[in-house]
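Pasting the structures in now, so scroll down.
The two complexes that follow have subunit A in common; it is paired with subunit B in the first and with subunit C in the second.
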Partner chain A sequence: MLDLIIEHAGLLITIALMVAVLIPIGAMLVWFERRMLGFWQQRYGPNRVGPFGILQSLADLIKILFKHDWIPPFADKPVFILAPMIGAVSVLMSFAVVPMTPNLVVSDSNIGLLFFLAMTSLAVYSVILAGWASNNKYAMLGGMRAAAQTISYEVFMGVSLLGVVILSGSFNLSEIVLAQSELWYVVPQFLGFVIFMIAGIAESHRLPFDLPEAETELCAGFHTEYSGIKFALFFLGEYLGMMLISMMITTLFLGGWMGPWLPPIVWFVIKTLLLICFFILLRAALPRPRFDQLLSFGWKWVLPLALLNLVVTAAVKLWGGF
Partner chain B sequence: MWSQLVTLWRVFMHLFDRTDTVEYPEQKPYLAPRYRGRIVLTRDPDGDERCVACNLCAAACPVDCIALQKTEDEDGRWRPEFFRINFSRCILCGLCEEACPTYAIQLTPDVEMAEFQRTNMVYEKEHLLIDGPGKYHDYSFYRKAGISIKGKGKGEADNESPPVDIRSLMP
Partner chain C sequence: MGQALAELWPILLYFAFTVLLLIGVMILSSFLGPQTAGHSTDLPYESGILSLGGARIKFGSHFFLYAIFFVIFDLETLYLFAWAIAFEQVGVVGFIEALVFIIILLVALVYLWRIGALSMVNRHLARKP
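Right after this comes the complex of A and B.
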């Protein structure tokens, strides 16, 4: 056992470092989003706690930790406790395969892309179980919506990525990044890029596709009954999900860590941050569609487009276009 | 689709606009003199209390936060024996000010009256009463009204004719 630990000490340190950095960044994103939303709505946003309000997340965290960790008497207790853990863990697991620099990657796996898709699918259990265990009609509706949305958008999330896989010939994310050294895949795979972005927003339940939560109609959807640290886990999962989707888009379509002059990690962070800003801009600008509109848009428009993209890419590759 | 892109662009351009926020505790906004804030009881130009304890404000108050009790002085004036406003109930609607026949009760542009103890929100007459006449500098109820008090008989108010002897036939 000890030999194993010593053998993999570097890996363990990397994992610990990633978790220790990712979770605070996920929390900071809450503050960042509120500030950016504020600027886009011609106000300041939280600017009181610390310089520029940078400690707002810390204050929120302290508040949320001291809240009563309440479980409703009508809830299904074990499932109710399990659901937020699945949500946060499944998102955190996906970060293992994201290559941030050529060296900084926890698991440079040959099936990295498939692992990512599998983990995002697991996240649906978190919402559906939370909705079910809460034993509340709003939570139930939110959970059902989340399940339908995640399952349908997952289909063409996978399909849109196959174009990238065809071009690079690999499921390994590091190799996909290296294959983009001449041309970022956002150019030959622009349709795939757009579709993956739409699917990513829907998968992470971000606005404008936040129908499972939909404050204005479902009060909070699947986490209506949650409070305290369990609610914080859901919240953390959502923001980590946004970060993960941004990192995946960076990796798959925007050339990952590659860029001139600056060190790889800086390029990676810049690209990810710009994408996160874009997600926040989407939240600030676009209204929420109706649920049937969301599903019919997915199945009737995006899925055929994704299939078309796949077929055309495969044909071009087959006849030696790339 | 095109309109959504336009929306995105316009919202993005708001980044370069000036924020409309007034940063309140550092930057106080101007409150007009007729702003409805903390309630005061005013005095007439002679320095006497204007309130005549008619209870109209208490009757008008939609949340019943005003309580008072009438008493009569030896000079014939009516006064509130106590006058109590519970500001934790008060909604600053200003109906008491409108109901007041003597301009005694007035709302001021002071809104910073938060307290840590709820009981501190109950203001008694000595907290409410101010030294000046408030928004109406010249008005004095007893100088306009036809009530006789000590030092002012019937017919001695402003613009008031002497009382008519209704039993006399003389014009």
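Right after this comes the complex of A and C.
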């Protein structure tokens, strides 16, 4: 047992490091988003706890841990507890295949891209199960909308990435990054980049596609009945989801860790952070569509465009364009 | 097999680690938190209105046709994944075959669009007396 632990010490350290860094950063993003929104709306945002309010998330966490762990007596208890777990775990699992530097990756898997797609698809179960288990009308509507949203973006999300797969010839995310040493894929795959970004925003339930939780009409939708730490897990899952999509866009289209002069991890963090800022700016700038608008937009415009992008990429690659 | 195991084993370990951590946090919270009981603690929250009946009611989901198309199209795009990863090996012949496949997909999509299967709002309005 002991030599097994010693043999895999590096792996254990990587895993512990990932979880110990990811979860606090996910929590910090809540504060970051509120500050940035405040900045863009000409107000302060949270600025009381610690310098610039930077400890706000820590204060929130302590408060949430000491709240009543309430499970509604009218709810379906096991499913009610399981739903936030599925959400947080499925998002956290995806980080296992994201190469942050050439060495800092839990599993440099040959099916990394497929693993990412599978895990993000699983995340929708948490929302639908939460909406069903809560036995609350708002939650139910939120869960139904989550289902509608999923069937609008899931098809073109996969198709938009196939251009990258054809160019790099691999599902391995590290190899995809290395294949971009000449030219970032955002240039030859600009359409795929835009489509994946739309799908990513819809996937992480960020505005303008936050239909399942629309505060103003559904009062938080699927997590209306959730409170305390279970609510925090949903919240954490959403912010980790935003971070994951930013990391995946960085890896697949923006050259991952590569860049001149600075060390790899710095480039990776800079690119991811800029994308996160863009996500937050979108929230500050755009209103939310109806879900039938999202459905018809996804099926009538984005899906044919994604297929067209795939065909053109394949044709150009076949006749020696790239 | 050995390589697949070497790739999967860290993911399994990572999975176990995250699940244990989250369960631990949830158990910790259920011990730390107080047990409150007000006169309306155990009611469903519906913006102050007393809940009437359960939430498991039947209501029309206008997007059910989309859901069926989703199952079909999502399965069909799975074949494209297999083609994309083998792109170098299958060459021009594979490209033409994939092209025929994609054109059939697009024709089906246009057909669905033309017969009005994708317009939810109109279908909803037409059913009204």
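One rule holds in what follows: the second predicted complex is superposed on the first by the 317 of 322 C-alpha atoms of A that agree within 3 Å, B and C clash if a C-alpha of one lies under 4 Å from a C-alpha of the other, contacts with A are read in each partner's own complex, and residues count from 1 in each chain.
By definition in this document, a residue touches a chain if its C-beta (ideal position, glycine included) is under 8 Å from a C-beta of that chain, and two chains touch if they have at least 3 such contacts.
Predicted model only: the values in this text are computed from it and were never measured.
In the three-chain model built by superposing on subunit A, subunit B and subunit C fit together without any clash.
When the two complexes are overlaid on their common chain A, residue A:Leu244 makes contact with neither subunit B nor subunit C.
In the superposed model, A:Leu282 lies in contact with subunit B only, and not with subunit C. A count of residues in subunit A touched by subunit B and by subunit C gives the higher number to C.
In the superposed model, A:Tyr44 makes contact with subunit B only, not with subunit C.
Judged by the touch definition given at the top, the superposed model places A:Ile198 against neither subunit B nor subunit C.
By the touch criterion defined above, A:Leu29 reaches neither subunit B nor subunit C. Residue contacts after overlaying the shared chain place A:Ala314 against subunit C, while subunit B stays out of touching range. Superposition on chain A leaves subunit B and subunit C with their closest Cα atoms 20 Å from each other. Overlaid on A, the two complexes show subunit B and subunit C touching no common residue of subunit A. Of all residues in subunit C, only 3, 7-8, 10-11, 13-15, 17-19, 21-23, 25-26, 28-30, 32-36, 41-42, 44-47, 51, 54-57, 61-63, 66-67, 69-70, 73-74, 77, 80-81, 84-85, 87-88, 91-92, 95, 98-99, 102, 105-106, 109, 113, 118-121 touch subunit A in the complex they form.
Those residues of subunit A whose C-beta lies close enough to touch subunit C in the complex are 8, 11-12, 14-16, 18-19, 64-70, 72-74, 81, 85, 88-89, 92-93, 96-97, 106-111, 114-115, 134-140, 144, 147-148, 151-152, 154-155, 158-159, 162, 165-166, 169-171, 219, 224-225, 228-230, 233, 291-292, 295-296, 299-300, 303-304, 307, 310-311, 314-315, 317-318.
Of all residues in subunit B, only 4, 7-8, 10-12, 14-15, 17-21, 23 touch subunit A in the complex they form.
Residues of subunit A that touch subunit B in their complex: 38-44, 281-282, 284-286.
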